[in-house]
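Chain IDs A, B, C, D, E, F, G and H follow the sequence of writing; residue 1 opens each chain.
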Amino acid sequence: MTTTGTPLVAIVMGSTSDEEAMSGCGQLLERLGIPFEQRVMSAHRTPDKVADFMRTAKDRGLEVIVAGAGGAAALPGVCAAYTPLPVLGVPLTSSPLGGVDALHSIVQMPPGVPVACMSVGSWGARNAAVFAAEILALKYPVIADALERYREEQRNR
Amino acid sequence: MTTTGTPLVAIVMGSTSDEEAMSGCGQLLERLGIPFEQRVMSAHRTPDKVADFMRTAKDRGLEVIVAGAGGAAALPGVCAAYTPLPVLGVPLTSSPLGGVDALHSIVQMPPGVPVACMSVGSWGARNAAVFAAEILALKYPVIADALERYREEQRNR
Amino acid sequence: MTTTGTPLVAIVMGSTSDEEAMSGCGQLLERLGIPFEQRVMSAHRTPDKVADFMRTAKDRGLEVIVAGAGGAAALPGVCAAYTPLPVLGVPLTSSPLGGVDALHSIVQMPPGVPVACMSVGSWGARNAAVFAAEILALKYPVIADALERYREEQRNR
Amino acid sequence: MTTTGTPLVAIVMGSTSDEEAMSGCGQLLERLGIPFEQRVMSAHRTPDKVADFMRTAKDRGLEVIVAGAGGAAALPGVCAAYTPLPVLGVPLTSSPLGGVDALHSIVQMPPGVPVACMSVGSWGARNAAVFAAEILALKYPVIADALERYREEQRNR
Amino acid sequence: MTTTGTPLVAIVMGSTSDEEAMSGCGQLLERLGIPFEQRVMSAHRTPDKVADFMRTAKDRGLEVIVAGAGGAAALPGVCAAYTPLPVLGVPLTSSPLGGVDALHSIVQMPPGVPVACMSVGSWGARNAAVFAAEILALKYPVIADALERYREEQRNR
Amino acid sequence: MTTTGTPLVAIVMGSTSDEEAMSGCGQLLERLGIPFEQRVMSAHRTPDKVADFMRTAKDRGLEVIVAGAGGAAALPGVCAAYTPLPVLGVPLTSSPLGGVDALHSIVQMPPGVPVACMSVGSWGARNAAVFAAEILALKYPVIADALERYREEQRNR
Amino acid sequence: MTTTGTPLVAIVMGSTSDEEAMSGCGQLLERLGIPFEQRVMSAHRTPDKVADFMRTAKDRGLEVIVAGAGGAAALPGVCAAYTPLPVLGVPLTSSPLGGVDALHSIVQMPPGVPVACMSVGSWGARNAAVFAAEILALKYPVIADALERYREEQRNR
Amino acid sequence: MTTTGTPLVAIVMGSTSDEEAMSGCGQLLERLGIPFEQRVMSAHRTPDKVADFMRTAKDRGLEVIVAGAGGAAALPGVCAAYTPLPVLGVPLTSSPLGGVDALHSIVQMPPGVPVACMSVGSWGARNAAVFAAEILALKYPVIADALERYREEQRNR
C-alpha cells in the first residue's frame, strides 16, 4: 500500500479558504504513508455533492472521513448522516467567534450519529491524521508500524 | 385562507422529544390563522427525508420553514441548503450544555446560506410563529390584520 | 423594479463606525437588484430618529429592515418594537467582548417581538441581504430569479 | 421626606413575571425610607410607554431609575436613551441562557449613554436599592443617615 | 464473535459515580454484539492502574478505548498517552461547571496525541458505542451488519 | 465650580499600565467641567492605600469614585467596602481572558455592597465619566447643563 | 500536635450561607489531624475584620489561609493582600452565574499577589484541605504521614 | 542556601514552545534566591518521563512543583497524581481557545488530588514563583526575608 494507492481517507472541508487550516492533515497522512484524497464541499452550499460523495464513500474503498469546518460547522455531522464510516470532525476558527461555535456544532452530535471531534484549528487537523492512522492501524500492519515510528519520534523530539 | 388550508408554514424538528419545546409555535400560528404542517425529521438520522421535503417545499406552496433543534443543531442549516424559502431556526435546550451549543450551531451560518435565528427555547418557538407572520403579512392582508391584532394585544396585556 | 427604485430594504446601524462591517449587505442587495436605503441611527443616542423611521417604514414602502449593532446591541429589537416589518439583526464585533455580547443582545428577544438574528460580523451582513431576498422572493418573481442565480453561483464557485 | 412622598426612584421592569425577581429592590428602598413607584413597561412591546415615562421622569421629580430585564434586556438602555437621570440596570435570569445574555445586553452600553449594571438576579435587585440610596445620600442627609445605619447592620449581621 | 468473547472495547471511567452517566455505552455495545469490559480507574488517584492497563491493552486484544470523565477530565488523554489504540473521550457533567470543563479537558489535545471527543454526557456515552462500532465495522463484517441494522432502526424510529 | 476646584470625582486604577485604557474618563470629566483627581492604588498590592483613601474620601469632598481594573478586578468592590460614596467600576481587558474575568469580578457584587459596572474597556472609561455627571447633575445645575450639552452633541454627531 | 492545638489553618468565608459549601474543608483537615479555626468575614461588608485577621495571622501561628467565596469573590485576593502566608481560594456557586464568576474573580490575580485557586464548589473545599496538608507536610512529618495515609486510601477506594 | 544549590522547585512544561510564556517563573525564583530546575516533559507525549520525575521528586529534595501547560492541560494534574508535593498549575494560552481550556483543565481537579491554579499566562508564571516562595517561606527564614523584600518592592513601585 502506498500513499498514491486507492485513498483510505477523504479529507473534506467546507470552503477553499479552509485549506490552509487543514493542510497539516494531508501532510501528516502522507508522512504516515496513508493514501488520501481531498475535496471542497459544503453542507450548506453543495449538499448534494456531500450526500453523493458520502453515500458511495465506503464502496469506493474509503475507510475514514476527516471533515473540517468553521462557524455553524454542519459538514462533519452531515457526512456522518450519509456514511457508516467513522467521521472525524475538525472545528476551525474561521468565524468571529473564534472556534467555540464550530466546536459546539461538531461535538454535540445527537445520540446515534457520532462524530469524533478533534482539537480546534491546526492542532486538530494534524490530530485527525493521527487518529485516522490509529483506526487504520487496527487493520493494516504497515500503518501500525508507521504510527509506532511517529509516536516514537514524538517522544524523542 | 384558513388554518386548515394549504400549509404556508412547515414546522420541522429533529426529534419527537422536541415537540413540547416547539409547541408554542403551532399554537401561535393557529391563533394567527396561518395554515401549517408539522413534521419530525433529522438532519443526522433521516437526511434524505429532510432533503426530499425541502427540495419540494416551495412547489407544494410552503413559504416559510421553521426548524427547531438542540445540541449540534444542523437541521435549520440543512433545510436552508435545500430550499430558497426563508428558514427560521429555533435553538433548543435539550443537551447538557443548555442551548448555547444549539445557538452557535444555528446562528453562525456561512455567507450565502442564511438561517434566521430566534431566541433559545420556548421564547424562540413562539417568536418563530410571529416572525413567519411578519413575512407572510407582506403578501397576505388577512395575516397582516391578524398580526396587527396580536401586536395590539401584546401592548395591552 | 430596479435597485434605484423605491427602497424595499432599509439598512440601519448604530454608528458610522459600523459602516465597514455592514458594507457587504448593501453590496449584495445591489447585486441582487434590490433597492435599498442605508441610515445611521442609534437606539441609545437618537432613539426618536429610530422610532420615527420605523413607525413610518411600512407606509413608505419598505418591506424588510436590516439592523446591525455591536455591544449592548439594542437597535434591532427597538426597530422591531416600532414596526411590524420583519427585522433582521446583525451582531457586530465592535466591543472588546468580540460579538458574543451583541449576539446575546440581538437573538434573545422576548416572546412576541422577534428579531431574526444573522451570523456575527461580516458573514451576517451578507446573509442579511440574502435573507431579505428570500423574503422578498415570495412576492417578487424578479427577486426570486436573482436569488436563484445567486444560489447557483454559490454552488459553482 | 417619607416613603409615601413624591417618588425619587422609579423601578421599571419588562414583564409582570419579573416582579418577584425585582421585589427585593422595593423592599429595601422602603426600609431605607426612599419613596418610589414601580411600573411594568417593555422596551419591545410598549416602547412608547417607556419613552413617555422616561422623557418626563426628571420633571416629575424622579432622580434615579432602576430597570430590570432578562434575555435581550434592552429596557435599561432604552430608559437611558430618554432621560438624563442615572439608570441602574438589573440583569434577570428569566431566559434559558440564565442571565449571561441579560448581563451582556445591559452592561455593554456604547460610549455616551451609560447604564450602571448591578449583579445578576435578586442580588442585583437589592443592590440597585442600595446604589440608589448612595446616589441620593449625596443630596439628602436623611437618606445618608439611613444608608449609614444599613451599612452598619450589614457589618454586624 | 459474541458479546461474551474477548473484549474488543474497554470502557473506563474515573469514578464509580460516573457509572450511571456512562451506562448507555455498555448497553449499546451489548446490543451491537460487541464484547467489552468496564473498569474504574483514575488518572489522578490511580495513575499506575491506568498506565498498566493501557500499556497492555493492545496485546490483550482490545481495539478501542472509551474513557469517560468529568471536571479536569485527564483520563482520556492519559489513556491515549499509553496506548496506540483509538481513544474515545466522553465529557461528563459531574462538576459544578456542568461539562464545559470536561469538554475542554478532553477535546483540546495537543498535536500528536489525539482523543476523539464525543458529545457531553449520556448522548456521548451512547455515541462512543456507535463510534466504536464504526471503527470495528471496518474489520469485522458481523459488526458492520449490526451497525447497519442499528442505523436502519434509527432512521425508522 | 471649575475643573481645577476641589475634586468631586476620584479616578483610581490598579496599575500605571491601566492609565491609557482609563484616559477617556478624565478627558470627558474635564470636558464636562467636573473637577477630579486620579490615583494608582491596588487592592492587592497596596490595600492600605485604598482603605485610607476611601475611608476619608467623603470627608474630603469627593462624591463619586471611578475604579478601573483588569483580571481579578477587586479594586472597585474594595473601594465600595470602605466608602458610602457611589463607586463606578470599569472592567479592563489587560488579562489574557480579555475582560470577561474583570466583568465578573466587578459586576457580581454581593447584596449590600453595590458597584455600578460600566462597559468593558475604553467604552466603559468614558461612560463612567458620563454616569458620574448624571449623578452630580442631580445636585449641581452647572453639571446638569454641561451634561445636557454633551447629550445634545451625541445626538447630532 | 493535635487537631485541637494552635490552629495552623484558618478557613474564612464571606457569609454564613457559605458554611455548607465549605464544610468539607474542615472535616478533611480534622481527619488529617490539622488544627484549624473557621471564621465568617467579608471583604466587602467587613473589610477591617479581614485586614486585622490577616495582618496578624502569621504571628498567631497560622501557616495557611483557605478562603471561600462566590460571585465577585474578592475575599481570597484581599486575604493575600494582607498576609505573606499562602492563600488557597475556593470559588463557590452561590450566585446565579453558577461559579464561573467566582472562578474568574479568584484565579486571575495580578502578578505579585498569587492566590492558589482550587476547583469550584465542594470539590474545591475538600481539595483546599488536601493542598494545605501538602504544604504543611513539608515541615511537619506527622502531617506528611497523615497525608500519605489519605492518598493511600484514595487509591484503594 | 543559594540559587545554585539543590533545587527546591521544579518548573516543568509540556513543550519547548511554552518556555517563553513560563520564563517569568524562573526569573522570579532566581530573584528570590530559590534554587530550581526546569524541564520539558509532556503528560501526553512522554508520560513515563513525567511519572519517573514526579515519583522521585520528593526524595531528591524538591519541595514544590510548578507545571505550565496549554489546551487540554493535563500536566499539572498528572504531576499531582505522582507526588505528594504541592503542585502549582499555570494555564497557558497556546491553543486557539486562548487559555479558557487550559484553565478548566487545570483548576477543576477532582476531590483528593488538588492542583493550585495560578492566573492564565505570564501573570500566572510569575505568580507561581511568588506562591512557591510563600510555601517555602514557612520553613526557610531566608526565603521569608526575600519574599518580604519582594512584597515591599511591589508596594512601592
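As a working rule, a contact is a pair of C-beta atoms (placed from the backbone, for glycine too) under 8 Å apart; a residue touches a chain by one contact, two chains touch by 3 or more.
The model shown is predicted, which means the values in this text are computed figures rather than measured ones.
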item	value
Contact-pair overlap exceeding half with D-G, pair selected from B-C, A-H or D-F	A-H
Classification of the chain B:chain C interface as same or different, half of numbers criterion	same
Chain E and chain H: spacing of chain centres that average the CA atoms, whole Å	32
Centroid distance [mean C-alpha coordinates] between chain H and chain D, Å	46
Chain centre separation in whole Å, for chain E relative to chain D (CA means)	51
Sites on chain H at which at least two other chains make contact	45, 71-72, 95, 97-98, 100, 103, 107-110, 112-113, 119-120, 123, 154
Chains that touch, pairwise	A-B, A-C, A-E, A-H, B-C, B-D, B-E, C-D, C-F, D-F, D-G, E-G, E-H, F-G, F-H, G-H
Interface residues, chain F side, partner chain C - complex	93, 98-100, 103, 119-121, 123, 154-155
Residues on chain B engaged by chain C in the complex (per definition of touch)	24, 63, 84-86, 88, 103, 107-114, 116-120, 122-123, 126-128, 130-131, 134-135, 137-139, 144, 147-148, 150-151, 154
Residues of chain B defined as touching chain A within the complex	14-15, 42-45, 47-48, 51, 70-74, 77-78, 80-82, 95, 97, 100-102, 104-110, 112-113, 115
In the complex, chain H residues that touch chain A	45-46, 71-72, 95-98
